[in-house]
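Got some structures for you, see below.
Presented sequentially are two complexes of chain A, the first with chain B as partner and the second with chain C.
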Partner chain A sequence: MPTGRSLYLALLPAILLLTLLTFGLAKLIAVSFDTGHGIGLASYVGFFARPDYVRMLWRTLLVALATTVICVLIGYPTAWFISRCQAHRSLFLLLVILPWLVSVVVRTYGWIVLLGNKGLINNLLVLMGATQRPIPLMFNLVGVIIGLVHISLPFMILAILAAFRHLDGALAEAAMSLGARPWQSFRRVILPLTMPGVMSGCSLVFLSTTGVIVTPLLLGGLRDGMMGTQIYQEMFIVFSYPKAATMAVLLALCGVLVIVPLQWLERRMSRHSRAAQA
Partner chain B sequence: MRLRLPLWQPVVAAVFVFLPAPIVIVIAASFSHTGYLDLPPWPLSLRWYIALLSDTEWLGAIGTSLALAFVAASASVLTALCAAQVLARRRFTGSHFIGLLLMLPLVFPHAALAVVMVGLLMSFGAGGTFAGLLLVHAILTLPYAYRPLIGSVMSLDTDMEEAAMSLGARPFYVLRRVSLPLIRPGLITGFLFAFIVSFDEVTVTMFLTGPDITTLPVKIFHAIQETSDPVVGAVSSLIVLVTILAVMLVQRVVRLEQFAGHGGSDTAVPARRSHA
Partner chain C sequence: MGKATSLRGAMGVLAALAFTALATVSAAAQDAAKGEITMGSWGGGTSAAWRSIIKPFTDRTGIPVRVVEWPDPQPVIRAQAGNPQYNAGVMNYVDAYRLAKAGMLQTFRPEQVPGISHIPPEYLLKDKDGAIIGVPVYFQYYGIAYNVNEAKASDFESWDSLADPKWKGKLGIARSKDSATYDLTLYAHIHGGSDTNIEPGIPLLRGLAANSIAVTAAMAQMNTLLSRGEVAAVPYYSARFWGPQALPNASIVLPREGGLMLPYLVAVPKGSKHPAASLAWLNYVLEAQPQLTILHGSGYIPFNADAKPDGEDLGRLGMPVADLLKRLYEPDWGTVADHQEERINLVEQISAQVK
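Coming up: the complex of A and B.
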């Protein structure tokens, strides 16, 4: 190994890339505060003066929240199942990892084939006589949330699975042998100990969901715009970089406002759980 | 302990139908005569694959994506490897900050990151060029390369390096014959992760492609949005195939579980897990 001061030279490529990234970030923030003749909040005032933009911001946060909640509710039992699975564990893990690694556009295309008015699900429903007219599963928020849950679920499952891997199974057994009922042992032992995984899964899913573009563009309707789709439109249809920059800063800010308390909670909890396990 | 959540069995079963569903459907539809999934899906045909193979635009996009993913993943892994060597061994003012910045592309909303990258490339006039895409993809894949590498380097037994050096081995000989073989799983995991992420990326990339250059996922996106080119099914199936091959490669070299654990998914803050 190179030793001494020359070791620090190895940091140069990373510092170069990170400097460029930071430069881009700084430029973004600078543009969003540029009023044309000085520094000001004009573009932010302009954003919040438009009720349709504000609605869109709320819709983005609500869709991200709904996706996160659904992912926790169905991801937690799945992660638990995989962690306890003895026989075909790697097969089930593969069923989580493989879809996770396939490009978002490919998966979205699959959902279009499945959910469209002439898609497989509606064709089957009509064929079985369950419905006369196709049920709208796409070009609305239902389609968007289905697509987003599909993208985020593997992140959530893997995050919770990591927490289960650190969990000592004997603890729950001990609680039960001391007279705790299964539900009690779950609520008082297993859930708190796996909570750090849930929290980090939630942060990651929420953050990535606020910034999606492809899914709402392809599976959502015209009135289901999110911050990401609006940024796309500002750039490609209106050609307004400053407006897009303002929205990008707001998007990042929302992420920070939600994530910082979550991270703080996670840190507290993992400290607690480590203390409990020690 | 038995799982006693209400309704958990149907939920887990539904998840394992839900996750592969769109991918299975894409592959099935690609073999249908119309390019969509009709009922019944006969007659089967390979016409969209044949159409794909004679379309130079699609083939060009495939070539660009493969080349971009390969070069970007290599650059990203080299950068992350060098950084991990330093950050795992030394603590200095700002070392924690650099570690956090390396993970930033993972947690920064991609729509916002796209605007950042547009601004960055505009400053250099590099929008719509291969070099520009390469720079952006190298930055985007950094967390995926760094995470497994910092884990490997941290768990590296430094006694081995010291033993080699005390026996008179030169630093670079130690690096080549001792350190690198020991962190091989991290290197391979990092590279494959970075490769797949770059090969799949669409949200940021679609802001940066131009008339001269486009990547496969971006081209698929536009094809879905504009017309419904039935070749999309065949091309998508090829992407699935590339992904399956990469995952099989991973399973041969490192355990799948290890791969999953390093997916940048278990905690948003790096390095903590690696200390454990």
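Coming up: the complex of A and C.
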């Protein structure tokens, strides 16, 4: 175990990073109170005076929540399948992270070809007679959520998979041998023990989704703007830094309000899970 | 004897090497004195067109030029304020005006850029002290682009067609920055407003927003949507419809009210290195031949009055430049730039109210 000087040296990068992060956050908060001729709440008042901005904040949180829930619903069984698959686990893991090898912009353009009114999915649906006219799958929140699930799913799968890899397989077998049915074994043993992974995945997906820029821009419609896109616009197009900082602070606060309970739950479940496995 | 010969030979070789080294150092010093140009440009066809005019300049002056693609000039130049990495850059008049107002662009007197005399004075962008903010090089126009399978030119004889409810859910609209800068300005002008009074343009923008399904977030994205027919029509840029790189399945129409002129200039970030080289470059890009070369490669129309497109290029333009200019409205870009932020906020609220 490193001691004395070597310990400090080892900690140096982490301390440096933490200092920079703290400084950045402090600067962000300070800029959000900058009125141009002093300190005040003008940017915050301006934000809440715009109903479209408030709706955008809510929309961002709802889209992030919907994306997170869908990622759990798809990610959990996928992670379970991969954890149980001994022979081709590496191949499946590669398939999971494959989307990360392509830029987010290119992936989003791919969705345009698939989801558009003249895209592959709508053409197939019309061809099969499932619908007479194209279903709007793009330039609305449906398109945004589909794009975001595609981007975020690997985070969720990997987080849950890590929980499955730590799960003692004998516990489920023990439950079954004590008379539990497969569903009971899943609900009473496997699910609670893998919930810390689910919570970690939720934190990762929710936080990364609240700040997205490209996907809502390319797959959303005129009224589907999200906070990340707006912050980008204020920063790099309008150059209104206090406004951008205010939006970033509000978004961060909303993130904290969601993530802190999730983290608390995760810690509680982890303790529970360790106790149960012991 | 043999020893003396080989000694003389070695000394000769050393002398030759020293001479070569000296000559190289001297040439490098001369090149350094001449400077070099790193030029910022939008990517794709635009940067390729700029690269196509470098060789004659370097052959003439010995100054090497490198064209580097930037996504948007304003954030790049603002981020590098005080330590600019570019010696020149092409940008639109609103970006140039705002950067100059923030003190981030070098301004010039007419005698520093004698070639400016070839540019009609009404197209010069000046700051409040009358100094020249960069040199105007070319323009394109803002018309209505349409997918040829989804619409025809006669559908858009007037800009007001964009508000026709028959296009509900079929049109594209520019992002709020460009709607505020281009659409509102043009629509106000068409409906009797002015650069300071854009109120008369709001109903048409509101109608377009109500009909729009997609926002032009990026050129590549709208190019894709337009070519695939995902949007039937969108207010768009004429240079996208030029020569071999023209968008497939799409065309552009200039409605009877005319279009908006979108002018571009080459400016120099304040404090950039090699100011003499930058000036030489500015004077070169003002010449007729480089501007004609850029037109041929990219569809940006020359500002130099002596640059007369002919043959294939004139055919693609469809009319002489003088006739085209008569159909384009050029606002006071300074006024437009001064109101840009408040108008972006207005457009955002119009968009949010769309049912």
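We adopt the following convention: the second predicted complex is superposed on the first by the 243 of 278 C-alpha atoms of A that agree within 3 Å, B and C clash if a C-alpha of one lies under 4 Å from a C-alpha of the other, contacts with A are read in each partner's own complex, and residues count from 1 in each chain.
In this section, a residue touches a chain if its C-beta (ideal position, glycine included) is under 8 Å from a C-beta of that chain, and two chains touch if they have at least 3 such contacts.
From a predicted model like this one, the values you see are computed outputs, not experimental measurements.
When both complexes are overlaid on chain A, chain B and chain C end up clashing with each other. In the superposed pair of complexes, A:T67 makes contact with neither chain B nor chain C.
In the superposition on chain A, A:V102 makes contact with chain B only, not with chain C. After overlaying the two complexes on the shared chain, residue contacts for A:S90 are found with chain B alone; chain C is out of touch. When the shared chain is aligned, chain C comes close enough to touch A:N117, but chain B does not.
Contact comparison for chain A: of chain B and chain C, B touches the greater number of residues.
Of the two partner chains placed by the overlay, only chain C lies in contact with A:Q233; chain B stays clear of it. Looking at the shared chain after the overlay, A:L218 reaches both chain B and chain C. Residue contacts after overlaying the shared chain place A:F139 against chain C, while chain B stays out of touching range.
In the superposition on chain A, A:A162 makes contact with chain B only, not with chain C.
Within the three-chain superposition, the chain B stretch that clashes with chain C turns out to be 218-226, the only such case among 38-46, 164-172 or 218-226.
Chain A residues in contact with chain B (one complex) as well as with chain C (other complex) are 109, 112-113, 118-119, 217-218, 235. Partner chain B is touched in their complex by these residues of chain A: 1-3, 7-8, 10-15, 17-18, 20-25, 27-28, 31, 73-75, 77-78, 80-81, 84, 90, 92-114, 118-120, 123-124, 127, 150, 153-155, 158-159, 161-163, 165-166, 169, 172-173, 176, 182-183, 185-186, 190, 196-197, 200-201, 203-204, 207-208, 210-214, 217-218, 227-228, 231-232, 235, 241, 244-245, 247-249, 251-252, 255, 259, 263, 266.
Residues 50-52, 55, 109, 112-113, 116-119, 138-139, 217-218, 220-223, 225, 233, 235-240 of chain A touch chain C in their complex. Put simply, chain C touches chain A in their complex at residues 72, 74-75, 78, 173, 176-177, 209, 212-215, 217-218, 220-221, 224-225, 228-230, 340-341, 344, 348-349, 351-354.
Within the complex formed with chain A, the residues of chain B that make contact are 1-5, 8, 11-12, 14-16, 18-26, 29, 36-39, 78-80, 82-83, 85-87, 89-90, 98, 101-102, 104-120, 122-123, 135, 138-139, 142, 161, 165, 171-172, 174-175, 179, 196, 199-200, 202-203, 206-207, 217, 220-221, 224-225, 232-233, 236, 239-240, 243-244, 246-247, 251, 256-257, 259-261, 263, 265-269, 273, 276.
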